[in-house]
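The chains carry the letters A, B, C, D, E and F, assigned in the order they are written, with residues numbered from 1 in each.
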Amino acid sequence: MTTSLNPKYFNITYPQEHVAHVEINRADKMNSFFEAMWLELHTIFNHLSHSPAVRAIVLSGAGPKAFTAGLDVKAASQGLLSSDDDSQTDPARKAFHLRRHITSFQDCISAIERCEKPVIVAMHGFSLGLAVDIATAADVRLCAADTKFAVKEVDIGLAADIGTLSRLPKVVGNFGWVKEVALSARVFGAEEAQRVGFVSQVFGSKEEVVKGALEIAGLIASKSPVAVFGTKDILNWSRDRSVEDGLRYTSVWNSAALQTKDVSAALLSGIQKRKPTFEKL
Amino acid sequence: MTTSLNPKYFNITYPQEHVAHVEINRADKMNSFFEAMWLELHTIFNHLSHSPAVRAIVLSGAGPKAFTAGLDVKAASQGLLSSDDDSQTDPARKAFHLRRHITSFQDCISAIERCEKPVIVAMHGFSLGLAVDIATAADVRLCAADTKFAVKEVDIGLAADIGTLSRLPKVVGNFGWVKEVALSARVFGAEEAQRVGFVSQVFGSKEEVVKGALEIAGLIASKSPVAVFGTKDILNWSRDRSVEDGLRYTSVWNSAALQTKDVSAALLSGIQKRKPTFEKL
Amino acid sequence: MTTSLNPKYFNITYPQEHVAHVEINRADKMNSFFEAMWLELHTIFNHLSHSPAVRAIVLSGAGPKAFTAGLDVKAASQGLLSSDDDSQTDPARKAFHLRRHITSFQDCISAIERCEKPVIVAMHGFSLGLAVDIATAADVRLCAADTKFAVKEVDIGLAADIGTLSRLPKVVGNFGWVKEVALSARVFGAEEAQRVGFVSQVFGSKEEVVKGALEIAGLIASKSPVAVFGTKDILNWSRDRSVEDGLRYTSVWNSAALQTKDVSAALLSGIQKRKPTFEKL
Amino acid sequence: MTTSLNPKYFNITYPQEHVAHVEINRADKMNSFFEAMWLELHTIFNHLSHSPAVRAIVLSGAGPKAFTAGLDVKAASQGLLSSDDDSQTDPARKAFHLRRHITSFQDCISAIERCEKPVIVAMHGFSLGLAVDIATAADVRLCAADTKFAVKEVDIGLAADIGTLSRLPKVVGNFGWVKEVALSARVFGAEEAQRVGFVSQVFGSKEEVVKGALEIAGLIASKSPVAVFGTKDILNWSRDRSVEDGLRYTSVWNSAALQTKDVSAALLSGIQKRKPTFEKL
Amino acid sequence: MTTSLNPKYFNITYPQEHVAHVEINRADKMNSFFEAMWLELHTIFNHLSHSPAVRAIVLSGAGPKAFTAGLDVKAASQGLLSSDDDSQTDPARKAFHLRRHITSFQDCISAIERCEKPVIVAMHGFSLGLAVDIATAADVRLCAADTKFAVKEVDIGLAADIGTLSRLPKVVGNFGWVKEVALSARVFGAEEAQRVGFVSQVFGSKEEVVKGALEIAGLIASKSPVAVFGTKDILNWSRDRSVEDGLRYTSVWNSAALQTKDVSAALLSGIQKRKPTFEKL
Amino acid sequence: MTTSLNPKYFNITYPQEHVAHVEINRADKMNSFFEAMWLELHTIFNHLSHSPAVRAIVLSGAGPKAFTAGLDVKAASQGLLSSDDDSQTDPARKAFHLRRHITSFQDCISAIERCEKPVIVAMHGFSLGLAVDIATAADVRLCAADTKFAVKEVDIGLAADIGTLSRLPKVVGNFGWVKEVALSARVFGAEEAQRVGFVSQVFGSKEEVVKGALEIAGLIASKSPVAVFGTKDILNWSRDRSVEDGLRYTSVWNSAALQTKDVSAALLSGIQKRKPTFEKL
């Protein structure tokens, strides 16, 4: 697999069985993103989604300073601002091009949500703007005590459009807080993030949060992949629909999934007090 | 009413006016469930839903050890595993039969949600798997300090399909935590359950949580049943729909409900500083 | 603007640039509401929504005792009860009239949610019934330590129909708590409100909470209005719809909004370390 | 099967392999319905839904005069009107009881829609009121040339509440016509019904429409039941949801259904130019 | 009522009991619309919606040439084009103002759909652009043989935004035809309009279509207003939602509406073979 | 553009300004599809969607016999059946792989619906199975008199899963007919297709239908591309959502689109009685 994927801006390692570790690897620029990077992110998560050997994924940022400081504003503003002074001055046509661009960018980040395997994001240091878009598309959010978060977009004159505004109200059950941080762009820390439920756990340092994430990933990877991938898919579906539509989708999903041999494998190993092994998927 | 309902696996008592107490009564097996039990649960809650004398319901588990340890895996696996080796080997046909079975099982637990009367669930000890399906279908969740919760299903190789995955994201506003406990099947305790909002209150012991539940039930039962049942129904409707659809449904509902004599009864007794009495419903 | 708006039951002041402060001004009656007041509230928020000079709004209640004690039951019951004994005794016709009345009342309070400018509500003292309807329609909820909240409606024999039941499950991520306070009508205080996420912050006194609200309003008002109003609109849209519909709406919205000069203004002032100025909107 | 079902107001026959024929059997009263009849209808369709030998169902009315003249108004009005003069005079409580009653009645008719097997309804003569509720819940609508249809409810002072108003706009693509016939209660004939798409085909006589319905039922019954029941379920789901939700549900459904042996059976018999046989389901 | 409403661009008459006839009255300009007109339309339909004496409404255009030729492009383009050359050149700010303008315009036309009383639109001659927006918001569409329809907007460089694109796919069950006429802006005649179901009936002349519309209005106005207004409301609700949500809303609606005395009035007059009289609503 | 796209199974020509003609080019196999073909279809429509020179697209099939006879069952069954006898016998794992496969296949066909430019499909001869999936994803459907349609899937033991079941109920307003043809797999001809609204027009021969499609495409291509692409997008959005959500999305869309210079270009050329020219998009 490493041969087929040769990422330039990310490190991919396999620190334990069935677990992939994806690291944003542009530490000298605070792991800030430009277009080639989110396209690569897209490729990586699409690939891991179907990799039979991978059952859980950790996503973190290289270097001591930042998970990611967000959009590389200099690179982005070149794109955005330069397109300003070209001959294209019809606002409707420009809107079409911007919409295509936003849609494509959104789609890259949504690859994390669509990925069949659970994604645990381990954040530290600056985790601004795009960091929150990425984090809300992941399944479990963890952070180091030094993490500095901000829904930064209003500070550069725009509404966050890569996912934060659509997902944050659904991952944090405190809509007033969501409004407040999104409208003010103020920085908030690890403790506040945990209190409102944006992150599940806070760790002492970057090393510890990555270690913690790998442990959760390892735990999840030890379970039946049929059960795990179904659980992720059904939870994401149900979050956005009525309980009735959730129940019906679940019944159709499990009508196939319950036929897995993993159920008897799990039951048997439960009786025999040993760790079950599951076929690759 | 007790004559018409002769439950075998549940105790039903009426400890105070307008309050029913339903107790899962299979303490020797940790109150674990098999099919006859959820069918009976269905019958009980359908019955209480229309019982004029009942205005609030407490649900708890008999014995000191468990609210319920979930599915009686031995009983269930006999069903599931035995159907494996019968002549029925077409996976599509098997899927049809499984879907019917899941739908019917879901429908039994949903009787708690559909029940017109508010249901307060008082949990203690082992509260695993199906316990969480049942608890999320109830209105208010309370527990004793010793309660051990787990969304246990991935441990037996399947995605929880009786309601937990559809309802848990809607009752707890911390989607990362929901994902984490559902994907890892790890045990969590009373304090964690309260911190994330899965339970509203933690009590010292099983006795105290049942007492606390009966008190809340008693308080609710002292209110206008027209107001209480409308509040439950509208809240469940609104949870799953847009604010606009919520407001419109509410206006139609209350166009009948506001014609109740309970409003003047309540207003009058408010002025006269006495407890109002409301007609049965 | 003050000339065009001459509210009778509200004070409107402009304590700082781009910030309006709306105060419910019927302190001698605990700021309780009757019909003329919610009609006036509607007019005020529709007006401020389009006022170019206003970028954030604080809503509070005059006097030391109450944000608002809710519906002026005496006034309301005269309406409600008197309509009881008129010649109109067909329950269906009465239902039509009640539905029109409820819809119109809902629409007045929804003006706060529809208002393009963020609304920070600063509560103190009695904040009962309608207070919660109003607060859930606002964007950010703050309160003083002495605030006494209650979803009071079941106590007067009715299901809250002006917005609480439709919005509370969406602003607070603890559905069991929502059910419990709505079904029991019990009073809860500032600390509990903060713990469950109903309010974001608790302040020592009424003066402090109003000051705190004005500070948040001032901070928001210093940002690009294009970014701020877009953020409010997209968050409200996304709360009620699937992530996919949220992302698509966002891409269409920003296809126009990203063409604002505020982006380059914000980026430039960021580089130049000075406060940006944004055109009125 | 015939032994377990002993319907009183319906005839059930099995005129050809895998086809059930349900006949409303109260010809002396124009097949008009009272409560015991729709409860029986419910039982019958739930039963046939799971009968392995049944793959398609025809529903028609006994006697020369009517498919059904609708509600037996005399019987219904006794219920309705008598409940008027009982001691129960609180309109809100009465509304609760009416809602329970309507919900239960709706649920009986919806059994036709929920039935896994396709239902072809063959109408003739008077097909009024409830006839339209029943017909819209079926899959295919056929009629004789003499059929007289009406959405009759406004003529007895009420809005049709057993399904017509919810389903007619979804089965007929002419919303103006739907409005017109529902608002005016006017009678329309077979030709008009076909022109607007309410019925698919018109036959010369009652005998011919029943024969035509049995032929379509026979054709459907000769196909793979896995394919047929999936097609019905997915079409009903998709009608009510976005194309995206339709596609996703379909992919989950077929992930099990495509594993059927019916595919190779069908392909093989196609090559061998013979009629395939499919296992019971 | 005529005293309180003094429309300038519309005639309102009451040609028969319970029927209002609204006529667009700017025949010298082909009844084309400018802003003051749609604001007046809004006022008129809001007023008629609550007028107790009115039970059905006919909408037609004065003069022999046109129902309405649509937007008065000259007037509109002055607005649109003039706002082009003002100092406001930030496309995002301009987008905000345009959105407010579109929303307000949409809301005026939606008053026809929201109006509690059924609206029958009688079209003749040129019925272009806004004519289709208006017609799709009405309940029943009729036309004269000479009517010339077009979804004209693409011909002036814009997507129809006042309702045609949102409603036409829901009132006509031929999505390919909807796409074709909306994308090509081609003219279509009365016969084609009837064939695809856009209009229900075609009449020989303007006089005849108005007469025909008044007859349908008269028929509807002779029914129970409780039944008629409920039928309109439930049909509009159900069109946009799942069958399940339609059924539930209907059950809540009718829990009040079935308590009307109109049911016994209708039943009694049915037995006595005389025309029922219903109380005003 | 022709250089960048080198399709193997399709011809792409540009018969007139702004119009692309895509032809399925496997006439010797009745234009039946295998996987490489739908992947190529995906690439082509994604490409044309963003090609500035293309404003409308015609899709037809090469050769005299068929638009497409559907899936190349031989090729497909090799895939499907061969995967049967591999070592992978866990039905749940197989379901995962099938779901990925179906999703990817659906996504290829949905490229036609997502394509910004209107797609007119011109069908003739055999148009079976996948032909209907493709046709329902297009905007306008035309056919020759000799066309033979069938929703063929139940005949090979499966429910159509590439779009027909999700889209057919939304493009044809006759749900009974949709059910009947999907459940029976019977062949229907051009005339029936037109009568129910599945195709808009029937032409004498293949040559004529292609010519007719090119004419409609030419007409659409002569309009403002800003108006045309907006119309397609808003119609597809609105079809699947409530009128309210349709109106709001439209207002946001047009807040950018109305700023186009195409409006003044169109108005001016209207006044000057000449054909407008629009900038590429």
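Heads up, the rule we're going with is that a residue touches a chain if its C-beta (ideal position, glycine included) is under 8 Å from a C-beta of that chain, and two chains touch if they have at least 3 such contacts.
Note that this is a predicted model, so its numbers are computed, not measured.
Under the touch definition stated at the top, subunit C and subunit D share these contacting partners: A, B, E, F.
Of the two chain pairs shown, C-F and C-E, the one joined by more C-beta contacts is C-E. Counting every residue number used by either copy at the subunit A-subunit D contact, over half are found in both chains.
With centres defined as mean CA coordinates, subunit C is found 33 Å away from subunit A.
Here the spacing of subunit B and subunit F, counted between their Cα centres, is 48 Å. In subunit B, the residues that reach two or more other chains under the touch definition are 91, 94-96, 170, 172-174, 197, 226, 239, 241, 244, 248, 252-253, 255-260, 262.
The touching residues of subunit D, counted against subunit E in their complex, run 73, 77, 80-81, 84, 91, 94-96, 98-99, 102-103, 106, 110, 113, 153-161, 163, 165-170, 172-180, 182-186, 196-197, 239-241. Put simply, subunit B touches subunit C in their complex at residues 118, 139-141, 170-174, 197-200, 216, 219-220, 223-224, 226-228, 230-232, 234-235, 238-239, 241-244, 246-248, 250-260, 262-267, 270, 276, 278. For subunit D in complex with subunit B, the touching residues are 50, 90-93, 95-96, 100, 116, 226, 229, 256-262, 279, 281.
Interface residues of subunit F facing subunit C in the complex, by the touch rule stated above, are 237, 241, 245, 248-249, 252-253, 255-256, 259.
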